[in-house]
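One structure follows; several queries about it will come next.
All chains are identified by letter, namely A, B, C, D, E and F, in their written order; residue positions are counted from 1 within each chain.
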C-alpha cells in the first residue's frame, strides 16, 4: 500500500475528486495547508505598512491505495490539477505498511 | 420649527446611516471569505463618496426648485442656502436635517446594487459608475417622486422609497448582470455564504435602521410616524415567517438565512406603503413580500443570470409588489387605493412602476457599458480566483 | 399627545427591537459553532412570530379592558381600535406607539428562554411552545402587572419587567431543563463558547437597547426617564465590576465573558426598580446583581441541571433580586420601600415574586410536556452530534 | 425643561454609550486573534469602572462649582444634588441627563488610549492606571474646557472634545509607548489585523454613535444640533475618501481598513469644530483629517515607536488639526475664526493645544511610571507569546 | 519507528487520547481534516439552492512510536474510536526512519 | 527522497523558513496542528467553570528533500527551532518513494 499526497491549488479540489472517483477511488482525506515554493506570495498593506506574505493557500489530498493503482492515481490527479502555471504543486508517494478500517477491523487491501 | 420633530428626524437620519454598515455585513456574510472586504467596502465607502456628491450637487439636483418636472435647480449647489431654518420640504425641522436625512437614502441606494456584481467588480469602475449613477439615475428619481417632479404630480405614492430606492437599485442590478456576466465558476462551484451570523447581524441592523427610514419619512413625531413604525415592523415580521414557510414547503427545512432574507423582503415591500396603509394590510403586504421574493430568488436559478446576492429577487420583486400594494391598500394620510374605492391609484402605481423600471434599467445599462468601455468593470478569472480582497485592496479579512 | 414623548417612545421601541438580534449574538457566541445558527434563529424568528401573535390577539389579551384582574378583553383583536390617537395607557403618545413598544417586550421575553435549551431543541417544537407560551404565560403576566390586573392592584412594583420579562422567562427555562434533560455529552465534553467577541457585541447591543427598555418605560421624555436611564447604566456598570471581582476571588482572573455576563445581570436586576430608585441604591442593586448572579451560575454546576446559557442563574436570580430590592429601595415616583419606611412594599414584592415563579414554572412545565408529547422537543444524539444548524436548518454558519 | 431636548440628549447618551463596544470591536479586529478579548475587555470594562468613578466623584470634580479655574467642587459627590430638575449646564434637560451624557464621554476617552498598549498590557495595571487617569487627567481637562475652568475662560473652543477626548487620550498613548516599549517581535513579526470585518463594524458603530457625541453636544434638538450632525457626517465622509486616495497614491490600492480609519480620523477632526463651522469648511476639515492622520500613521513607521493601533496618528493628529481648524473656520454659534476675521481665536486654539498636550503627556507619563513601579504594566515575553487572552483572562476568543 | 495515522470522528478525540495515554503514549499531533468516503455528506440549502456537501469533518491523529508498540496503539485506538457505523475511519501505519527531539537533540526511541 | 516533518512552536515558523532557505530549500508545506505532549496545556475559565485544555497549538512543516540533504535540514531546523524549553517539538523523517511536479510531470530529484 502507498500513500499518495497531492499538494495543489484549492480550487482544483473538486476536479481532482471527480477524476479520482472516476478511476474507482472511494476515499480520501483533505486538509488545508500553506505552501511555500517558487510561486511566490503576495503583498498586503495595512495602514500604509506593506507586508510580503510568502505562502499561498494550498490543499493537501491524501489517498491510500494498493501499490498497483499508484500510477493511475498520479496520472489522474496530475491531469486534473495541471494548469501549467508555477504553483501547480507536487505529488509525493510514501510507503504504507498497514491499513486498518476501524469499523470492521479489516486490514490491508480490504480496508481502503 | 419643532424640537421634537427635529430630534426625531435627526435620530432617524442616524438610524438610516447605520443601515449602510448593516448592509455591508448583510452582504459581506453571504460572499466567500476571500471577497468579504471588497463587498463590505463597496457599501462602506459610499458613506464617503455619495455624501460628498450629495453636498456638492446631488441634493440640489433632487430637491432644488423643480425644473419642468424633470430635475431640481442648482440653487443648493454646495448646500448654499441649506441652513438651520426650515426648508421648503418641512416646516418643522431645519433644512439641514431634511437634507441629511435624504443624504442617507442616497448613500444606501447604490450600496444595494452592489449585491448584484459582488465577487467580480473592480473597485475603480465601481466608484466611477456610482458617481454617474447618483447624478443620472438617483437624483432624477428622487426629484420625480419626492422633489415635486412629474411622478409626484401624477399622484404616485412612494412613502419611503419603493421606486426611488428599491426598484431603481434592482433595475441597475439587472443591468449589471447583463453587462458583467457571471462570476468565474458560476454553475460549477458552490457559492456558499462564508459567515451567516454576520448576515443575520446585518439583517438585524437593517431592521433596526428601517424604523428611521420609514417612520422618519413622516418627518414628524406624530401618529403617522407611529403608524409607519408599526406597519414596518409587522410587514417585516410577516415576511420572515412567510419566507421560512416557503422554505419548509420547498426543501423541508426553515433556514436562518431565509428568516433574515424574508425580513428584508418584508421591509422592502412595506417601504412605499408604510405611511399610507394600516396594520392588517401591512401584514398582508409583508406576507406577499416574503412569498414573492422567495419565488423571485428561485426564478434566478431558472433563468440562469448571476445576480450574486439577489438584488433583483429581493429589492426588485419586493419594491414592485410594495408599489402595487400601495395602490391596493392605501387608506390613510389622505390617500385611497383600489380596495378603498379608488382604482385610479392602482393605475398610477402601475405606471410609476413601469416608468421606474424602464428608466432605471436603460440608464443604468448605458452607464455600465460606458464605464466598462473606459475604466473597466470586471475582474479577470485570476483576480477572482485570488479573491477581490487581495486583488483590489491588498488585504485579507481574517488571520488565524 | 406630545411629539417629544412620541419620538422618545418610538425610538425606545426601536432600541428594544434591536435587543433581540443582540440577544441572538450574545447567546450565539456562547454555543459551539455547529449550533450557532440554530441559536440565533430561535431569537431572530421571534421578531416574526411573536409580533404577529401580538397584533392578532396578544396585545388585546394583555392590555384589553381588565376582566376580573385575570386577563384583558378581546376588544383589540387584530389591533382593532388601536390607532394614531392616545390610548388608555398613556395620554401623550399614540396608542400604536404604546402597542409596539410593548410588542418588543413580548418578542424578547421568550427569546431569553432559548438559552436554557440551546444546542438540543428542535425548531418545530420551539415554535409551537413559544406560541402557546405567549398566550398562556406572557399575556396574562403582562396583564397582571401592567394591564391593570391583580398584581398591579395589589401594588406590586415592576417598572420594566423584572417579573413579566425576567422571572417569567427564567421559570420557563427551569421547566425546560426539567423536561428536556441534558445535552449529549454534558458532564464529559467541554461546552466552550465558540466566539466570545460575538457575545460581547451582543452584550453591548443589549446594554444599548436596555436604555429604550427601561428609560422608555417612563413613556415620556422627562426627569423620570432620565432617572431610569441613569439607574440602568449605573447598575450595569456596578454589576460588571462585581462579577469580575467575584471571578478574581474565585479563580484568579477576571474574564471578558464575566464582564459581559455581569453587565447583563446588572441590567436584569435594575429592570423592575429603574423608575423607582435613585442612583446610589441602583449601584447597590447592580453590585448585588453581579454577586448573586455569579453565585447563581456557580450553583448550576453544583446542582447538575443543564441550563445551557444560564437563564436561571442570570435572569432568574437577577430578576428576583431586583424585585425584592425594589421593595427595599423604592423612593421616587410615588413609591416607598422598606428602607424608606414602608415595609409592606417588601411583602407585596415577595408575594409577587412567589406568584410569578409558581405560575410561570407550572404553566411552562405543562406546556413543555404537552409539546414534547405531541410535536416533540428534543433533538436526538445523532442530531446533536451533527449540530443543530445542519440537523434543523440545513445550514453551516462558517466556511473557511 | 423641554421634553424634546431631554429625549434628544438621552438618546444621544445611549448612542455615545454604544461607541465604547464599537471601539472595542474597532480595536479588537486589528490585533492578533490571541489578544482580541483582552483588547475588547479594556474598552468594555470601562463602561463599568469609569461610570462608577464618575458617579462617586468624577462628575463633581469636572462639573462642580469652579474652584479657581482648576477643578470642580465636591458638591456632587455620589451625585448628591444631581436630580431630575435642570442643572447649571443646561436649562432644558434634567441635570441627570447632562451628567450621564458626560459620563459616556468619560468612559470612551480612556478606552481610546488602550490602542497604544494593545497586545502587551496587564489588566491589573490597566485598571489602576485608568482610575488614576480619570481623576488626575480627564476630570481636570473636562473641567477646564466644559466646566467653566480656565480654558473656557480663555475662550478656547472645543465643541465635543478635540482636547478633552482626543488630544488627552493621544498624549496618554504617547506616554504609554515611552514607558512600555515595544511589543515582543516588533520590527520582525508582522502584526496583521486578525478580523477586518470586525473593525469595519466597529467603525460603523463609531460613526453612528458619533452623531450622539457631536450633535448631542448641542444639548438641544435645534438648528445647531442639525448643523453639528451634518458637519460630523460630511467630515467623516471626506476623510474616508481622502485616506483611501492617499493610499492609492502611496501603495497603489485603496483598502477597507483605510476607509474605516479615514472615517474615524474625520470624526476626530470635526469633533472640536462640529458646532462652530458650516458644512463646506467641515468637508475641508475632514479632508485634512484624512490626509494628516494618514501621514501621522506613516510617521510612526519612520520614528519606530510602537503605538499598536495608532492612537497618536489618528486621535493625536486629528484632534490637534481639528482644534486648529476650529480657530480657522469657526463662524457660527457666536464664534469667529481666522478666516472670518478673528485671528486671536487661532492663537487661543494653539495655546489650548499646547497646554493640553503638555499637561496630559506629563501627567500620564508620571501615572504610567507610578503604576509600572508598583502594580506593573507590561506582560512579559512568554505571556505575549501565549497571548493576552489566555495570560490575563484564562479565555480563548474562538473555537473551531 | 512507525507513524500511526488515525483518521476518525472528531468527537472521539478525547476518548482516543485517553486510551493512548493509558497504554503509555506521551505525545501525539492532531489536525482537523475533511474526509471523503463511503459515509457520504449532507445537504445544505441557501436561499432555495441546494448544495450536496460531500465531505465530513474528521480528525487526524498522528502518533510516532517504537515498532513494538504499533499493535497496541492500533488496538487501543480502534477500540476507542469504533462506533460500528460507516465513517469510523482508518488507521495507516507508515515507516519512520529517524526521530529527533528538537529540545535535546536526542534521536531514535529516546526522542518520542 | 525523504520527507522531513518538523513539529514545533508556531512563532518559530519564520525563523525556520529562513534557515531552510539559507541552505537552499526551495519549497515546503505548512499546516497548523494541535500537539499533545510533555509541555502540558493551560486552564480556561468560562462563567466559573474551569476547563483543562491539554493541547498546544503547533506548526507542522513538511519538506521533501533528496536523501543527501536530510541531515542538513535537520540541523538547520533544529537550530532555528530550539528554545531549550519543553515543547520545542520533534522532527520525523519518512521515506518517500516518488515525487512528481504536477506542472511539468518531472519526477525524482528534479521535482522538488
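The criterion applied here is as follows: contacts are C-beta pairs under 8 Å (C-beta built on N, C-alpha and C of every residue); 3 or more make two chains touch, one makes a residue touch a chain.
Worth saying up front: this structure is predicted, and the values here are computed from it rather than measured.
Trainee: Treat touching chains as neighbours and tell me the shortest step distance from subunit D to subunit E.
Mentor: 2
Trainee: Which contact partners do subunit E and subunit F have in common?
Mentor: Common contact partners of subunit E and subunit F, which must touch each of the two, are A, C.
Trainee: By the touch criterion stated at the start, how many steps lie between subunit B and subunit D on the shortest route?
Mentor: Shortest path length, in steps: 1.
Trainee: Between subunit F and subunit A, is it the same set of residue numbers doing the touching on each side, over half shared, or a different set?
Mentor: The interface is built from different residue numbers on each side, given that under half of them are used by both copies.
Trainee: Looking at C-E and B-E, which one has the bigger number of contacting C-beta pairs?
Mentor: Between the chain pairs C-E and B-E, B-E carries more contacts.
Trainee: Please report how many Å separate the Cα centroid of subunit D from that of subunit F, as a whole number.
Mentor: Taking the mean C-alpha position of each chain, the two centres sit 45 Å apart.
Trainee: Can you give the whole-Å distance between the Cα centres of subunit B and subunit C?
Mentor: That gives a centre separation of 33 Å.
Trainee: Between subunit B and subunit F, tell me the centre distance in angstrom, where each centre is the average of that chain's C-alpha atoms.
Mentor: 51
Trainee: Send over the residues of subunit B in touch with two or more other chains.
Mentor: Those would be 2-4, 7, 11, 192-193, 195, 201, 251, 253, 255, 257, 394-396, 400.
Trainee: When you check subunit E against every other chain, which residues touch at least two of them?
Mentor: Residue numbers touching two or more other chains: 31-32, 44-46, 94-95.
Trainee: Following the definition at the start, I'd like every touching pair of chains, please.
Mentor: Once each pair is checked, the touching ones are A-B, A-D, A-E, A-F, B-C, B-D, B-E, C-D, C-E, C-F, D-F, E-F.
Trainee: Under the stated contact criterion, what part of subunit D meets subunit B in this complex?
Mentor: Residues 2-5, 7-8, 11, 15, 32-33, 192-197, 200-201, 203-205, 207-208, 211-212, 215, 220-227, 229-230, 233-234, 236-241, 244, 251-257, 259-260, 262-263, 279-280, 283.
Trainee: Can you check the complex and tell me which residues of subunit D touch subunit F?
Mentor: 185, 188-189, 385-386, 390, 394-396
Trainee: Where on subunit A is subunit B touching in the complex?
Mentor: 11, 14, 42-46, 53
Trainee: Any idea which subunit C residues touch subunit B in the complex?
Mentor: 1-4, 6-7, 10-11, 13-14, 17-18, 20-22, 24-25, 28, 36-38, 40-41, 44-45, 47-49, 51-52, 55, 78-79, 82-85, 93-94, 96-97, 99-100, 103, 123, 195, 198, 201, 389, 392-400
Trainee: For subunit C, which residues count as touching subunit F in their complex?
Mentor: The touching residues are 190, 192-193, 247, 250-251, 253, 255, 257-258, 261, 294, 297-298, 301, 310.
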